[in-house]
Amino acid sequence: MLKINNLSSRYAQVKVLNKVTLKVKEGEILGLLGRNGAGKSTLLKSIMGLVEVVSGSISLDENILSEQQAHNIPKYGIGYVPQGRRLFPELMVEENLKMGLLVRDSSTDVLDWVLSLFPLLKSRMKQKSGTLSGGEQQMVATARALCLQPKYLLMDEPSEGLMPSMTETILETVEKLKTENVGILLVEQKIEGTLRVSDRIVFMENGSISEESDPQKLAENPESLMKYVGVKARY
Amino acid sequence: MSTWLNDNGPLLFLALLDGTVTAFVLALIALGLSLVFGVMRIVNVAHGELFMLGAVLSWFAFDLTNDPLWGFLTALVLAPVIVGSIAIFSDRFILRKISYHPESTIVATIGLLYVIQQLTLMFFGPEVRPVEAPFYFRIQFPWFGYSGYKLLVAGMSALCLSGVWLLMKRSKLGLYMRATQQDIEIAKTFGVPTQKIYASVFALGGGLAALAGVLVVPIRQADHLMGLEPLLLSFIVVIIGGLGSIRGTIVAAFIIGISDGIISVFYEPTLAKMLATLLVAMVLVLKPGGLYGEDQA
Amino acid sequence: MRKNSLNHSLLFQGGILMLLFLLQFILPTYHHSSVSKIMLLASYAIGYNFLLGYTGLMSLGHAMFFSSGMYSMGLGIYYLELSPLNGVIFSASFSLMVSLIFGLFALRTSGVSFLIVTLMFGQTFYLSILYFNEFTFGHDGFSLAKYLGSFVIFGKEYLFSNPDIRYNFALLLLTSYLLITTFILLSPVGRILIAIRENESRTQLLGYNVFYYKLFALVLSGTFSGVAGAMHGLLFSYIGTTFAEIHHSISPLLWTLLGGAGTVIGPLFGTGIMYYLIDFISEITKNYLLVVGIVLILMIIWFPLGIMGSVRRKWLKWLP
Amino acid sequence: MDHEEEKNASDVTRRSLLGTSAVLAGAGIVGSQLVDPVAKTAFAAGSDEPIRIGFQAHRTGIGTVYGKWYERTTNAAAKYINSIGGIAGRPVEIITEDDGTDPKRGADVVEKLATQHKVDFVYGTLFSHVVMGSAPRAGELKIPYFVVSEGYHVASGKLNRYVFQPCITDVRSQITAVSSWIFGNLGKNVTIIYPDYAFGYDHRDYASAAAAKSGGKIVAKIPIPMTEKSFTRYFIKIPQNTDVIYHVMVGPGVLTFVREMGEHFGSSHPKLFGFIDSLEGVNITSPGLGFLDGSYFWEAMPRYADGYDTIGSRFYRNAVGVNDSGASKSDPKDVSTYSHMFGCWETLFAIKEAVEQSGYKSKKDYGTLIETIEGFSFFNEGIAHPQGSKFFRGETHQGYGQQFVSQVKNGKLNVIHRTSISDGMYEPETDYRKQSL
Amino acid sequence: MAPVKLLGTQGLTRQYGGLIAVNDVDFNLYEDRIHAIIGPNGAGKTTLVSMICGRTPSSSGRINFKGKDITRLSSAKRVQAGIVYTFQVTSIFGNLSCFENVALSAQRTLREQPEGRASLEKWGMVSEIEIEKAVSKYLLKVGLEGIESQIASTLPYGHQKLLEVAMGLAAGPELLILDEPTQGLAESEIDNLIQLIRDISKSVNVLLIEHNMEVVFNLAEHVTVMDNGSILAEGTPSEIENNPAVQDSYLGN
């Protein structure tokens, strides 16, 4: 279980998260919704140790991650798919994936498994990742995180800037991972897809959790969506 | 044309030969600076002093063993290790404390330059020390003779360059270094101990400078002031070549080595240095990001 | 509010200048002369800081400006038999021209590339002084002492080497540099320069052609350095390549960073401290550079903003 | 040759002869005090206020090796002078400040010595650009400034009336003296390789002048920048018809220079004549110097004791702590700058002579002191002047002595020729005595 | 009266490596109405306006403003021509006071307007008093009066955004581009901002890039929808609201 307990954190001098408490179980998909600037990305970065934690804690099973240095956190099995993909642009696709494999010394079987999820990448292995198209880059970013055999995967707007068909591929992957018992914390803009794949939905506003709900209820009662995300869902 | 070649052929040949040797030596000295510059994005002004330390340690080894070959081999192993340790120490207790801030780093490494230079003067003395080459032979061309060891240095330098290239492209450490260079934050999220990577890069940079010092000292001698000139030249090579690009470093070293060789054979030397310096400046003015660097908008 | 800052800083700088003025009556001979020299070198550093501190461009070629001022003045007096006053005016226009031409090229680059381009141009200039040694007297340099006559102020005759003349001319130079920079910095132009240092691309997006302002800062900085060089030559009568070497470019960088880049008065403190640090320590040990090195490292760890930069952050917020 | 020059020249010959005889007699102004050194160790009562001599030393920077030996020599001379009763009965105190081998700092040091340490005289510096930077300040401060630099800057009239170079021959005179020997003994077609800065230009210009006089020819002039680390590309510019390579390489590159010259030429090469400045502080048996075997060097004072064995030079060698092959007695690997540092020893004695003869008591006597020195015409060989007698010209403030030519054989420098003072004389170009004090 | 065209792009494209951020866009903007661009993150909105204001060079295509081709003008020249951009993430001068921030922007406009010259006219300089007056005016306009001496980075986030708007206004725009002005603001702050934008639009043409549909439908008179670097749809807010293609792109299918 990935537990976030009463977490406050800050960037430079500005406080960005305020007493956030959240749990994600293994094999559970948690959708995190909220407006730009609500603190969703910061929450993911806090888990990865990239943002200074002021108070509260983050723990995985019995390990307290918030006491660890950033580079040790992925070793517990936490994969991160950052916003904007952020591949190592001068590295080949192969090398980007290797970065994932090296985290927990994964075997080549893992690579085979990951490539079976994204067969297109097989033909791109020797290409510099910065020259790939947006959709291909997103595949690499996801594949790179999967290469460390994550127990939990943190995904920050994986569909950003992608064509609908590509978004679909990503969501399918998410659903496939659920069957492999991977817990996923999904930050998304595309509401419908998020509602479709998530087990639970959490809304954030101004650095805090403002409401928790489940997708069915939201579908029946879309006011929260309007309030926190500012869109009308088409139900 | 052919009479010109007849008259100047030997000159041209020598200029190319000498320029090539200079280029290889320069590339080796600049390589460490380039790595540090590329991965850590800081300018290590003390780089020339680390090169000087390598040369001086080589003299100590030579003096101690009193045997060119054994001294050379000892220095080849010890100098990079000692200088690398000094680099790690500096990284831990100086650079990390100022958070690798670019301007502060320049001041701090100038301070380090003074400290290293003065300590060397204290322990080593002001004299210029010769070191005998481990292997020595002379090659006779029809028009003039040339040092075999110099060609050997060029060869060993090429070997070191390929070694570093392999390290960067094929090893885990190299992969981590390149990843850190491109996105330090994301590198952390893939388990890269970036602090240690920084320390290793700084140590590797220092070690390479020291290695260059050991290789070069039999053709140049050692003294405590020898660090400034290679520092300036490496600077130029690194910037012209483009941030952290090994290929750029080598190409730039050749441009500078060969152009210096040719210009100074055919012109008055001080004029030649003036022209060469101006040429380099103009390359940068026309291509501000360096030959292989990201172009600055 | 700017007026506030202006008043405060004029009071503060006025106080320091008044102190320097009064000091000349009590300082022992050696320190009297040292302070004259510090004021001259600090003027150079103030010129340097105008570029580094207010537009964020770090140069390693300012010795070129300093020595172009110094040599144009000295050679002008030697060959063209200019009067000292005309010599200084000549040097000001010469260094202005040098920095303008240089700026048009070098400002195409920025950051570390700018650093290297300045270094290269500086070295080219240094080498050209050596190359044209029959005209410039090369590495040895030359002394102006013989060619400088006396001059009359209020009916009294003075030599340039007169300690009081030296002290007060240096003080005059320092005062004018401090006043000019303060007024520029607190004027609309200064506001733009500071904006360029803080965020160049944003300044561009406020509708300012950043290049022209950078060029202005560079030319002013170069001319200030050049006139400081000319005054150095005039008052201390030696002109030599040591003032064109890279070390002489590194010095104002260190003085400025030590004193606080981006503070008008900082370079004066930086220069004074470095000068006396070397002076005192070299008496105790011949390894004074070791101590200087350690001090530099510790200073930058403890006061990353330089002395006056830290003072401004903590206490004197209005400091320009 | 006009009448005046003729008179000068004959004067010199007479004096140098006198000097040579003085070697044998051990007599002379200073020599007489050596008869019983112990008798005068007690300083005259009431005048134990020391004579303070400021020493401007190259402790750091490119002149450090010279600076170290200048300091050793100076301290040895001061110690000896104090042991024989000091200067005019007053002890000598040396106050040393580092000039960093930099003209800027040099001027500051002169000022600091004069106004802070309140020394009576400033003395000691070697590198000519430091002299150029410092001398104006000495002139302004009106403090006598004795340099040990061998530059032609004093005698050329570039400096001022307060600057003296009494006990080391200037480079113009050295070149004039040995050039005629080169053209006469080694060959007529000479290629000259020299550093591309002031010191080198003196060689280029005065060697050319000497060539014209002695029927020789300079076939090529090859300047090398001071910062050069590799020289291979310059050797290819040496013309085929060169009989003699005349080389002056001051600076750290010398060993490389010699070794690369060897690599370039192999076994058949022109004769070599060099100025020992290149090898000052360097062991002749250093690796790579084998190529120099059989080549010739100018020396101002022979490094090896057997090259010039006089009472004075033996005493001096002992006092400074140098062994018979020119290295430190305490560390045989530490080779001295023997052809220059005697200047420090001798200059201190020149100061002693000047003070004692002028009756100098304090700074207000500077005028008399300067006029007294300007009245000097020679210094006698002896313990005070171990390099040999000197002819001194009051109008140029410059001293002139004999020079040596040595040949490298079996890793050792052997003196094969000694010039007379007159060989190095030239027309004076200035008269400092006309300047006001 | 037919609307007057203020700005137009033809075939504007921007490519980063293998990514095409903006693909062959023809975008037109007419005077006297609030125009909004909407679209999901990564749709290319910011890249498009960055090319319009000259922050980002275009890979190909042309831009016209008031009938003149401005494709090759520097960003500074475009600001002088009247295209003013305020940043998505605040890009104020954090180390300077609020006064300095607005003054920087105001002084250029004043210099170009004769009434600002007052006594220093012959120097081509602006009197500090005029600048102070202008700064007060703009700070008052965005509701930040009295914070002149505060260091900008110490302001709350919402106020920094308002300061940014004040700087934009002080630059004397003919076209003010607001890039996600409501991002990170609280509900109450958003309401104030809507009022402010409406007020501004009386004298200045406003181009709004916004995520918040409420804000867009509340303010905009014309809406352009972008997705995947291209224009997906254009029209009035109600047309857009009922466009199924837009619904798809925005909410996923």
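First chain written, first letter: the chains are A, B, C, D and E, and each begins at residue 1.
As a working rule, a contact is a pair of C-beta atoms (placed from the backbone, for glycine too) under 8 Å apart; a residue touches a chain by one contact, two chains touch by 3 or more.
This one's a predicted model, so the numbers in the text were calculated from it and none came from an experiment.
Any chain that touches chain C and also touches chain E would be listed here, but there is none. Path length between chain A and chain D in the chain contact graph, taken as the least number of steps between touching chains: 2.
Between chain B and chain C, the least number of touching-chain steps is 1.
For chain E, the chain whose average C-alpha position is most distant is D.
Using the mean of the Cα atoms as each chain's centre, the chain most removed from chain A is D. Chain geometry summary: the mean Cα position of chain D and that of chain E are 77 Å apart.
In this assembly, the C-alpha centroid of chain A lies 32 Å from the C-alpha centroid of chain E. Centre to centre, using the average C-alpha position, chain A and chain C are separated by 54 Å. Rounded to a whole number, the gap between the C-alpha centres of chain C and chain D is 38 angstrom. With touch defined as above, residues shared between interfaces to two or more other chains in chain C number as follows: 130, 289. Contacts with at least two other chains are made by residues 60, 196, 225 of chain D. Within chain A, the positions touching two or more other chains are listed as 89.
Across the assembly, chains come into contact as A-B, A-E, B-C, B-D, C-D, C-E. In the complex of the two chains, the chain C residues touching chain D come out as 28-30, 33-34, 37, 130, 133, 137-146, 161, 236-238, 240-243, 279, 282-283, 286, 288-289. Considering their complex, residues 17-21, 40-44, 157, 180, 183-186, 211-215, 228, 247-253 of chain E touch chain A. Chain D meets chain B in the complex at residues 60-62, 64-65, 67-68, 196, 223-225, 227-230, 232-237, 252-256, 259-260, 262-266, 281-282, 286-288, 334. Every residue of chain C that touches chain E in the complex is listed here, in rising order: 1-3, 187-188, 191-192, 194-195, 198-199, 201-210. Residues 14, 35-38, 89, 130-134, 136-137, 157, 159-164, 167, 189-194, 196, 206, 230-234 of chain A are the ones that touch chain E when the two sit in their complex.
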